[in-house]
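Please see the structure below; I have some questions.
For reference, chains read A, B, C, D and E in written order, and residue numbers begin at 1 within each chain.
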Amino acid sequence: MRLPPFAYDRPRDLYEALELLNSYGKDCKVLAGGTDLLVRMKQGLVAPTHLVSLKALSELAEIKETGDGLQIGAAVKLSDILAYQPVQDHWPGLFEAVKAIGAPSIQHFSGTIGGNLCQDNRCQFYDQSKFFRAARQTCNKAGGSTCFAWKGGSDKCHSACQSDSAPILIAMDAKVVIKSKNETRTMPLEELYSSVGERPLTLADNEMLTEILVPAPTPGAGTAFEKLAYRSSIDYAMVSAGAFVQTEGGRTTRVRLVIGAVARGPLSIATVEKTLKNRPAGDQQAINEVAIDAMNTAAAFIANNMTQPVEYRTKMVSVIAKRALTRAAERAISQKGFLEAK
Amino acid sequence: MSREIKFVLNGAQTCVAIEDDWNLLYLLREKLGLTGAKEGCGRGECGACTVIVDGLAVNSCLYFAVEIDGKEVLTIEGLAGADGTLHALQKSFVSNGGIQCGFCTPGMILSAKALLDENPQPTEADIKQALAGNLCRCTGYVQIIESVEAVVDKSSGDINAVVRETGDSD
Amino acid sequence: MKKFKYLIPKTLDEAVSLNQSHEGSAIYVAGGTDVMVKIKSGKLAPDYLISLKHIGVGSQLGVNRETGALHIGGLVTHRTLETSSLIRLQYPIIHDAVQRIGSTQIRNVATIGGNLVNAVPSADGAIPLIALDARVNIYGSAGERTVDLVHFFEGPGQTVMDRGEIVTEIVVPKQPSRTGGAYQKFGRRAAMELPLIGVGVLITLEEGSNRCAKARITLGVAAPTPIRTLSAERYLVGKEITENTLNEAGKLAAEESRVRDSVRGLAWYRREMVEVLVQRMGVKCLQRIKETEAL
Amino acid sequence: MNKQPLEISINGDCYSLAVEPNRTLLELLREDLDLTGAKEGCGEGVCGGCTVLMDGKPVRSCLTLALEASGTHITTVEGLAQKGELDPLQQSFIEHGAVQCGFCTSGMLMAAKGLALNNPHAGNKEIRNAISGHICRCTGYTKIIEAVEAVVDRSLEKR
Amino acid sequence: MIDDQERNGKKEIMEEFTVIGKRISKVDAVDKATGRALYIQDLKLPGMLYGRILYSKYPHAHIIRVGTEKAKALPGVITVLTGEDIPPVRLGFYKDNPLLKAGKVRSYRDEVAAVAATDPEIAREAISLIDVTYEALPAIFDPEEALKPEAPLVHEEHKTNLLKMPWSLHYGDVEAAKLDAVFNVSERFSTTWVTHCCMGTSGAIADFDHSNNLTVYTNTQIPSLAQKDFQETLKILGVKDKRVRVIKPCIGGGFGSKLDTYAYEHMAILLAWYARRPVKILFEREEEFIATSPRQPTVTYISMGCDKEGRLLYRDMSMVLDNGAYTSWGATTPSVMMMPITSLYRVPNVRYSAKCVYTNNTYSQAMRGYGNPQATFAIESAIDMLAEAAGIDRVEFRRINSNQPGDVTPQGLRITSCGLPECIEAVSKDLEFGRSRENGVGVGLASLIHVGGGARIYKSDGCGTIIKMDDYGKVDVFTGASDMGQGSDTIIAQIVAEELGVQVDDVHVFHQDTDICPWDVGAHASRTTFVAGNSALGAAKKIRLRLLAMASKATGVDEDKLVLRDRAFFVEGKPVLPIAKLLRGSHFTPRGEMMMADNFYDPPNENMGKDFRGNMSATYSFGTHGVRVKVDEATGKVEILDYIAAHDVGRAINPLLLDGQVHGGVLMGVGYALTEQVIMENGRNMNPDFRDYKVLTAMDAIHSKAVVIETIDDQGPFGAKGIGEPGCVPTAPAIANAIYDAIGVRIKDLPITPEKVLAAIKKKNGTVSCGIDAFTQKEQACE
């Protein structure tokens, strides 16, 4: 498979990069690890005339712990996140999520966290070669006016957000820093996702995700990530879940559950907090309840955008949600990091 | 690469990036994979590297690649028809014993082609003159000259007609 | 092989100024057949080659109606001269020379200007032109100037040209009627040769007689530069052209030549060949005069 | 057609090249430099056949722009053996029958080499992790894992 | 084997051949005409490095130091080797030629260092960065001078420059014959270096696999022997019991130049060994001129005498050969020279001795004819002189002395088929000897004998063939032969096609790879058509017998009623069973059988015995060349007006290719006679390019007339004999004789340049007249 032609820039600093984004506009894509973008380009799903490489932007390749928490440059390699001891110690959910991306080791030396968060939505009818797509009408996402993933068709795109790192980071209330030539804005990560399948990110053409800010771990908090896939590696999730549980004296005080891979964006389950708050951490009955809620919520979104049956994926939401919440709660209580938890 | 050139290579628009110091033979052989033209001496004394540029036979080893920008280049690989039909000269060289070791053959055939394009009814002296820059160590030239003579129809003024005819027969 | 940049000026002045701005590290190139070989062998190692092929001048070939002079642009290829009916019919001495330079492939590319500027002792292109009293127009940053071709060469590889100058044109004055010329390159093979010796003879006869009005006898490889043999020329003027007078002229020319031994041939033999070929070319001149008059 | 300069070191040889932006590292290796050891099995980063080491780390050359490899040191399977001595991993693959059709072998070796460089004492799990991005259809992975383990064991012994 | 009945029936059934005797295009011609054929120039292996050799700056010097630091520091340089770095790999017949010289260089061509780099330009630069300090030694360039006691020694350890080689024979009693002879001549002739000038320059790629098995892609005429040489180099490197595979790409001309292995091949092996990468060494043209081995120069003293009827009584020859600085196979050319010396024309008493002498010149090698052109130049020039002395017409003189079928020559060569009388006849008729001619025009002739049925140089003169057939009646022939342009693939295809009743297109001849092809001693001595042809024929006959048996079983028709032709079996003129169908049936059947056969053919010829007697070839080729020249007496230039080459070839298997061998040989011979010479100035090649080394051009091409005399040799495949070399053997004496006939001067030193002719004319008559009328007609003569 050949890549279509494009022009390539390798700016030396962020300022230059943002300048380029500004001048190229929508014809331009940011190239980080390339593991997702280049496949899409080979498939002819995107055809940017310009690629702006982040290779030389060392300022985006830094991961560090600050007083406020974890500060991760958008171009930090997945392998570097995994190798960062504080992540292993304090953010086991994030470790699990990053490890689950693609295949451990190989893709991780190329893939970046920013790239994982900013990947386009996927759908089994869309993420295909031109040859494959040519056998059908053009779907909403590809600029047409139908959706094969939604039973009976739809005027909306029902692709899924397949970022493995997004659910857990949202669950941890991570923020992202978005920069353009003239503006810097910081916002909750969930606001990066538009829930519009055709254009799942809220980034403007001239904007770039530069940093992810993860709040500092608080005593009594626990995180966990769960992913369900057929294979142990190089696979996309059928369902994934990121959970954050804050406890105080054995009781849950704050909790977040975000389901991945089922909806057009990471799906935050709103009822969790209400149901689990003040319950003993790890209360199975309550968790079961929440898990059912999550399944019911997700059911409204799950489309036939993966090869596995919709019904199965729907059922699995509850299973995966439950496991994530349970492990997060265990960690909250035991206060163990990823390595100790193993 | 220091520049990009566009030219027609064996009938196809071609665009390549080149270095100024490349010669045409290097470009053809090392960069475009067309190894039909050979380097026999590298200094224009043997003719094994002959190709046709805008209708003229030239030593590609002494031709600046830069200078083919906008021109038309024909190499031995482009001489046979698109369907694989050999050019009348190729057929004639094959059937008249104009080929032994074959190293001089591509250059020889192209020199002959340039001659016939310019002068469809050359005499033996014209043929010898046109092939004088192509050395051959095997054949003693006799069968090469006969090969060229065989496609020259003394009665017809239209070499293309002859070429077509010879091309169709066989 | 040394790397170089290849510059393509579009005008004569641009070429000259490019040469000035790369003073000392640039050379001009036209057909490139000699330059390329020299670069490959390391004899030349310029940083820049300045192509003269696109400057828009130097490709003219024709006779000036007013003066009757033949104008040959410096960038005219040998092949153009070889195939020109003007040259073949009216200046057969030039045709004699150019059709034997290198091979067809070389002649298709190599230029007459390049041949002159190269200034090898054997410069086939120069010998007949000197016999024809050609002059060379040279253009450089100081403007244009004209020199007689016979004074153009100063030694092997050396000419009167200053750095950065370009041969734009060779002008051959109109020849008197009853003029015939012939050139022969003498080598070991019939083609692809550097000559052992090159001999050009040009004779103008007086009206109505076989008496010589003007004679030019020019030699290549007989000295470090192409030369005229003045004693032989002077000898012929005013004399009937016969086997004997040509014989004598040949002897004088041979004496005047400064041939030497080399890989390509021995001096004594070259001297012999000057003698023989001056005679033969002289006879050919007469023949050509006769043929022209018969037309 | 706007080639850009690329300075790259491949198996210890420095190359100064000009490549088009859309040339992948795999295409550069295979088509421009005739280093055909790395294979294209899928072209979209799934099979691992194209894996090479970039500055000691395994990367998918089919999803790496050649220009992105600028200034890096690339090692391909052709560069594994040193002075005619097979790399212990190569030797071990041969001895353990880890090679069947051989198409995945070069990628597997590079992943294993990357692992050995980054973690010389990896255990079975790390090895599985390291080659988890590679698909092999012949061996069932068992002998590949054994082959890598054997090398790791040896270095443990040395320790 | 071939049954006698069929052999005897050959002449009668000749007209029935379907492919033998036809002008069939070369099987590789289309690939070559379309640029598809791949030569060593066109091959590239992944990760391949480019090797280059540094040659000596002196013809004879001590090497004080070879400084490789700068070269090694150059980026892209992988390996730099000097004589000190490598084990003692030695090349050549005497193993007197170290691959890289340490301590001393003995010629300008001596290899001093070698590099391998990632790019040819880097390799070139690296070579220029190697500093070598030499201490010049006195050198010797004239072989006769080199024999003097005070001459500097090229190899001190030998204590003399004379090679210890046994080249000396005496059959009959020459001294007694001298007393009997009525007419005698005695003369000195000399020849100089000429070189092959293959259009494709030399090159090789060496590639080791990880088990140290070696593959060498090289232009070679001797794949199996090269394999052996390379194996020896591996042994010296300490690599034992490994495979060596030799792959021949398309070869851009051989002419003997590839009859040995050379430094560049072994250097590529060593560089590949040390670099652990494939290494290619490809010569540029200049290197091809200075670092490949030319034809051996000779100084020949010949005496010959006859009785008053013109019958030759004795021939007494001695030679000094310039061996150059090292001993390659070139030093054995006297063994082949013995053939014309003892056996060209009937001559009962023969004496010959040759001295090979070390000098600081380039060392020589085999080239088309292998000594025969040098010897024949002296013999045939002297024959003309002797005929004149005896007052006998030159043609008649040769008729009187012509070899005849059934002769056994003094050396023991058994002449079987012999068309020499017919060849002499054809030439004399065509050129009309004896008629009066215009001024400056003369005719001359000269004959040749050459091995035509192999040549037992080694213990074996054999060649193997494997043939297999597929489901569709297509034939694959795996031969030991080497096609380097001469067309052996086509000839073998014709032989096999004829025998198996198929078309030439149905036969694919494969010769490129020692892993696949059977053993052979190489393409030399014009042996391929005869030896490889017989080998292929034998294998085809085995297949044929099996096909007939199977077909008989399948059809129920008796074998002797089945006729195999046009890809099918015929009964009474009607096709009954296509071969392909029969073959498919034999494969797709339980316990079926495969159609494959092999054959090893070693001709019935003999190694030379102690006194050099022995029938070295199973049969001999003969030929006569006649030429009409016009000499420009003012310039000394010789123009060839007509040329006729009559050859006894046994049978012309393919007249088209046969003509090609003759025309090519003749023009090479004309170059040898008139224009070609490597100009050596104190050991340095002064004309290493096509500009000054005068290979003739198309403008010089001669429309030689090739006359084929068919004598249908008993031993030859379909009666054929070898014809590869003979074309260039008698050319020079024929031309020298014609020049003498034209202007009465005899040139005894090749090449016959205009200078030599003019000087001889001047010496003969003091002055030259230059008729003003004569020269105006033929100006072209001078060009």
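We adopt the following convention: contacts are C-beta pairs under 8 Å (C-beta built on N, C-alpha and C of every residue); 3 or more make two chains touch, one makes a residue touch a chain.
Just so it is clear, the structure is predicted and the values come from calculations on it, not from any experiment.
**Q** Determine the shortest chain-contact distance, in steps, between chain B and chain C.
**A** Steps on the shortest route: 1.
**Q** Which other chains touch chain A while also touching chain C?
**A** Touches both chain A and chain C: nothing.
**Q** Which chain has its C-alpha centroid farthest away from the centroid of chain E?
**A** A
**Q** In terms of CA centres, which chain lies closest to the overall middle?
**A** B
**Q** Looking at every pair of chains, which has the largest contact count?
**A** B-E
**Q** Centre to centre, using CA atoms, which chain is the farthest one from chain D?
**A** Using the mean of the C-alpha atoms as each chain's centre, the farthest one from chain D is C.
**Q** With chain centres taken as the means of their Cα atoms, state the distance from chain A to chain B in Å.
**A** A distance of 61 Å separates the two centres.
**Q** Just give me the whole-number Å value for how far the CA centre of chain A lies from that of chain D.
**A** Chain centroid spacing, chain A to chain D, equals 29 Å.
**Q** Starting from the mean Cα coordinates of chain A and chain E, work out the distance between those two points in Å.
**A** The mean C-alpha positions of chain A and chain E differ by 76 Å.
**Q** Distance-wise, how many Å sit between the C-alpha centres of chain C and chain D, to the nearest whole number?
**A** So the centroids are 64 Å from each other.
**Q** Which residue numbers or ranges of chain C touch two or more of the other chains?
**A** Within chain C, the residues that touch at least two other chains are 1, 190-192.
**Q** Indicate the residues of chain D shared as contacts by at least two other chains.
**A** Residue numbers touching two or more other chains: 1-2.
**Q** Among the residues of chain E, which ones contact at least 2 other chains?
**A** As it turns out, chain E has residues touching two or more other chains at 690-691, 697-699.
**Q** Could you please specify the touching residues of chain B with respect to chain C in the complex?
**A** Interface residues on the chain B side: 2, 19-21, 23, 42-45, 47, 50, 56-59, 61-64, 66-67, 111, 114-115, 128-130, 132-135.
**Q** Chain E touches which residues of chain C in the complex?
**A** Per the touch definition, chain C meets chain E at residues 1, 100, 184-194, 243, 246-247, 263-266, 269, 272-273, 276-277, 279-280, 283-284, 287.
**Q** Give the list of chain D residues in touch with chain A in this complex.
**A** For chain D paired with chain A, touching residues are 1-2, 4, 20-24, 27, 40, 43-46, 48, 51, 54, 57-60, 62-65, 67-68, 70, 111, 114-115, 129-130, 132-135.
**Q** Once bound in the complex, which stretches of chain E touch chain D?
**A** Checking each residue of chain E against chain D gives 44-48, 75-76, 78, 118, 208, 210, 212, 273, 276.
**Q** What does chain E use to touch chain B in their complex?
**A** 23, 25-26, 28-39, 41-42, 196-201, 250-255, 284-285, 484-487, 656-657, 659-660, 662-668, 689-691, 695, 697-699, 701-704
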